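For reference, the structures are reproduced in the following blocks.
What follows is chain A paired twice: with chain B in the first complex and chain C in the second.
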Partner chain A sequence: MTASILDGIVLGLQFGVLATGLTLVYGLGGVLNLAYGQMAVISAMVVLLAMDAGVPLLAAVGLGLLAGGLLGLLLDVTILRPVYRLQGEARVLLSLLLSLGVAFIVDGFLNWRFPLRGLSLRVGGEAVEILGVRMRTGSLVASGITLLVLAVLFYLFRFTRLGRAIRSVIENEEGARLVGIDPHHMLRIILVLSGVLAAIVAVTRSMVAPVNVRAGFSITVLALIVTVVGGLGSISGAFLAGLVLGIINSIASAYIGTFLSLIILLVAAALTILIRPAGLLGVRE
Partner chain B sequence: MSERFSRATGTSLVGGAESHTSRSLTAMLGTVAGMAAVLALFPLWLGDSRVLMGVAILGLAFASYAIGFNLIFGSTGQLFLCVGALAGVGGYSATILADRAGLPVLVSILAATLLAGVTGGLLSWIAVRRSLGVIFTGIVTLIFALSFENLLLGLSGVTGGDAGLQIGAGSGTFLREQIAPYYLMLALVVVFLIVHGLLRRSHVGWAFRALRDDEVAAELAGIDVARYRVYGALVGAAMLGMAGATYAFTAGRVSPTTFGFAQVDVVVIVMLAFGGIGTLLGPILGAVVFTAIDEVLIEFGQLRLLAYGVLIIVLFLWIRRGMIPTLRALIGRRGGPPNRRDTTAAHTPSTGPG
Partner chain C sequence: MLEVAGLSAGYQGNDVVHELSFHVDEGETVMIIGSNGAGKTTLFRAICGLLPSSSGQVTFMGTDISALAAQRIVRLGIGFVPAERHLFPRMTVGEHLALGAYPHRPDPETMRVVLDLFPRLEERRRQVAGTMSGGEQQMLAVGRALMANPRLLVLDEPTTGLAPKLASEAYRALDVLRGQGLTILVAEQQVPLALAISDRGYVLENGVIGLDGTSEELAADPRVRAAYLGVT
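For the complex of A and B:
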């Protein structure tokens, strides 16, 4: 049981980072990015190809993060332009459909060009014992990186001008505009951040299990589930939901079986929407 | 809050071809009959090839799915991202009822239709009760679709898992012949179109139109928005279930990919967006065109997925109303029937005398 809970925490932290990238873009810009998982997969492929070409590990990871950020920027200046002209649900719907198109383009291209490839980073070292459970070094390094990301995000959104500006746009776009904050500019920054977060998830995940070319859709679905449970637009909600769902997922896959564990996550998301549509920590509009 | 937004959605994505429905009953039936006559000629051209007939039958199955989805999304504004799953509820339950429980094929198709209809109605009832907007309805139904796919893979004792089920019932009958199933599916398409056409002409259609144009106003005018939404989903989902079940018997097997989200829902959305969401014949035009395109693209393997992605983006950016409204607008501009111009003129405020 302790082992499952520890595994769940490792997984849950990753869920949290993953969902943050999706939830911020939705909360800030009313954009539901269904190509989010594909951003992670492309970043993973960039790391993989860089390492194939002989680039050292850390530099390759850096290139991967850069690729993720650039993808966010690319979405912002291309297909999201027409989306920004719409408001409310029409905007969400169009962003959802267009990014689904992008997801198919990416999946089609990657499956055609690099079928069966996958990124799997080996982090060496002995297994470490925590609370009487032997944890793989990969999981620990991944969790360490994830916690660091969490700390950076926390600092960014609590203490910097940029973070406050972003939160003010989420809270009240019109009010933010009145005090001189440009919501579109903030959204562009957030899309870049979202791409970087997707890349970080791809890298940390590949330390525990391979991230293959076909993983895009399932990563998006996971992010969507965690986002919905945590509350659209809430970072602390995303992390809380990530931890809860990560632990549920690990316990379910240990005691019930893997195929049911995804269904349990899906049911958790469905119940959240039905009982508390704003999510655990979301604010109902 | 969400109700007010759904109004914007209605105007931006759902084609404004509803003036069309005021045409006479005979005109509607005539259009459907003409379309059916054209489709009925296809086997004369493709009938020699078993492969191409299989493609044509699948195309008609997709046309039926698109009609069901059009009724649910186009007419009542509920984004159901579980088209494949509802068809799968039909396909799998009919298979299991016929093969395991030994029921006659027709009875199992009807039972499967009922089951899918009730499932769709229930989803819609939940969405309406909790007043979920378009997006949350989409997410909840997507969750249903993904859970269904996982159940199919997981409960391999009942569903055959990844490999699916071979269907024993119906083998040796006309259902597995080369050409007869085509006409069976065509009959289904025609019946669905007539049902949808009649619904649009009836008081139900007026209610659909009112709730789609402005939900709050419809509610204030005394239309029970919730009830009509659930009715729409019930009928549409029953169509999906019936089409899924019938197609399963003609194909002789069902598998998770027969009804998968990527394999069915995405294609149906593209077909409908191409033909024109909310139009009567949009699903047929979309299904015919995309079945043909798909047959060409199939050689390209994974690049087919890429092409679909490009098509989705192009469709939703540039021909958002779909082909049928676009074509009608073009024809209307080049001196179509004068009464049509009169109706459009009547809607715009007149600037001068006469």
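For the complex of A and C:
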């Protein structure tokens, strides 16, 4: 049981970072990016190809993060342009449809070009014993990086002018404009950040289990579930939901079976929404 | 300072205000009087760039701002306090005031002036806006706008939802700002309050300016007395 919970925390932290990227873009710009998982997979493939070409590990990871950020920027200047002309529900729907189209195209291309490939980063070293459970070094390094990312995000949003400006747009877009903040400028920054976060999740995940070329949609679905449970647009909600669902997922995998874990996550998400329609920490306007 | 010429604006192609022309000079306090639905909010939203105007021109300190977005206009020196206030419900008083100075670091001197004007905000610095009373929220909205050191402060019905005592307190604060030389443009239904601090005024009825004059002239006008001051 302890082992499952520890595994769940490792997984849950990653869920949290993953969902943060999706929830920020939604909260800030009313854009639901269903090509999010593909951004993670492309980043993983960039790391893989760079390493195939002999680029050292850290530099390859750097290229992967750069690719993630550029993909976010690319979405902003291409398919999201018509989306920005719409408001409210129409905006969410068009962003969802267009990004889904992108996701299918990217998925098809990756499966054709790099069939069966997967990124698997081996972080060496002895297994370490924590609370009587032997944890693989890869899991610990992945969790360490994820916690560091969490700390950076927390600092950014709590203590910097840029972070405050981003939160103000989520809270009240018109209010933000009245203090001189350009909401679209903030959204562009957040799209880049979300691409980088997707890449970070791909890299840290690959230290625990392979991230293969077909993983895009399941990553998006996981991010969506965590986002909805945490409350759309809530960063702390994304992390809380990530941890809860990560632990549920690990326990379910260990005691019931991996094949059912996604269904169990969906049930947990559905129950949360029935009890709290706005999600754990969401606020309904 | 502010020159509005032939301004029309509205929603979905239906103009609510029609070819309005008026001006605000430096150091003046000017009020726009009008009942609900007269077009005060539409007019202010168009001036401040939250609503595109369908025709006409708005000039602020020599710059044509008719086609600029709200975030650009604010940085030119117009502080706008909308009737709905548009605060950030989950952010603290301190964060609001810091954001008011965006993109710059908050200026300690300006912060001092704002906190002296509204000591209540200093007491509540760590409280989030969503849990504050209507009066406090109004102070915060004005305080946030002042943090940018605006040349012109535009207020849309600052007494909306306030009890009479708080409403007169709000106007006392505006009177202080006026005394400091700030140029103010205010829209109001509660005419007696606005009359007391204004130099001039315009009466807006069904989207057109029906009457204008100094505060004394308006206070003496039988139509204003009957419609807005409850005197027959």
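Simple rule for what comes next: the second predicted complex is superposed on the first by the 285 of 285 C-alpha atoms of A that agree within 3 Å, B and C clash if a C-alpha of one lies under 4 Å from a C-alpha of the other, contacts with A are read in each partner's own complex, and residues count from 1 in each chain.
Methods note: contacts are C-beta pairs under 8 Å (C-beta built on N, C-alpha and C of every residue); 3 or more make two chains touch, one makes a residue touch a chain.
The shown structure was predicted, so the numbers you read here are calculated from the model rather than taken from an experiment.
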{"item": "First, second, both or neither for A:A59, with chain B first and chain C second", "value": "neither"}
{"item": "First, second, both or neither for A:I130, with chain B first and chain C second", "value": "neither"}
{"item": "First (chain B), second (chain C), both or neither touched by A:V77", "value": "neither"}
{"item": "Which partner, chain B or chain C, touches more chain A residues", "value": "B"}
{"item": "Touched partner set for A:R164, first chain B, second chain C, both or neither", "value": "second"}
{"item": "First (chain B), second (chain C), both or neither touched by A:L148", "value": "neither"}
{"item": "Contacts of A:L178 with chain B and chain C, given as first, second, both or neither", "value": "second"}
{"item": "Touching partner for A:V267 - first (chain B), second (chain C), both, neither", "value": "first"}
{"item": "Which of chain B and chain C A:G88 touches, first, second, both or neither", "value": "first"}
{"item": "Interface residues of chain A shared between complexes with chain B and chain C", "value": "none"}
{"item": "Touch list for chain C against partner chain A, complex", "value": "48-50, 69-71, 74-75, 80, 82, 85-91, 95, 98-100, 102-103, 105, 144-145, 148"}
{"item": "Residue ranges of chain A touching chain B (in the complex, touch as defined)", "value": "32, 79, 82, 86-90, 92-94, 96-98, 100-109, 111-112, 115, 217, 221, 224-225, 228, 257, 259-260, 262-263, 266-267, 269-270, 273-274, 277, 285"}
{"item": "Partner chain C, residues of chain A touching it in the complex", "value": "161, 164-165, 167-168, 171-172, 174-183, 283"}
{"item": "Chain B residues touching chain A - in the complex, by the definition given at the top", "value": "1-2, 4-6, 8-9, 11-13, 79, 126, 130, 132-136, 138-140, 143-144, 146-147, 150-151, 153-154, 262, 266, 269, 301-313, 316-317"}
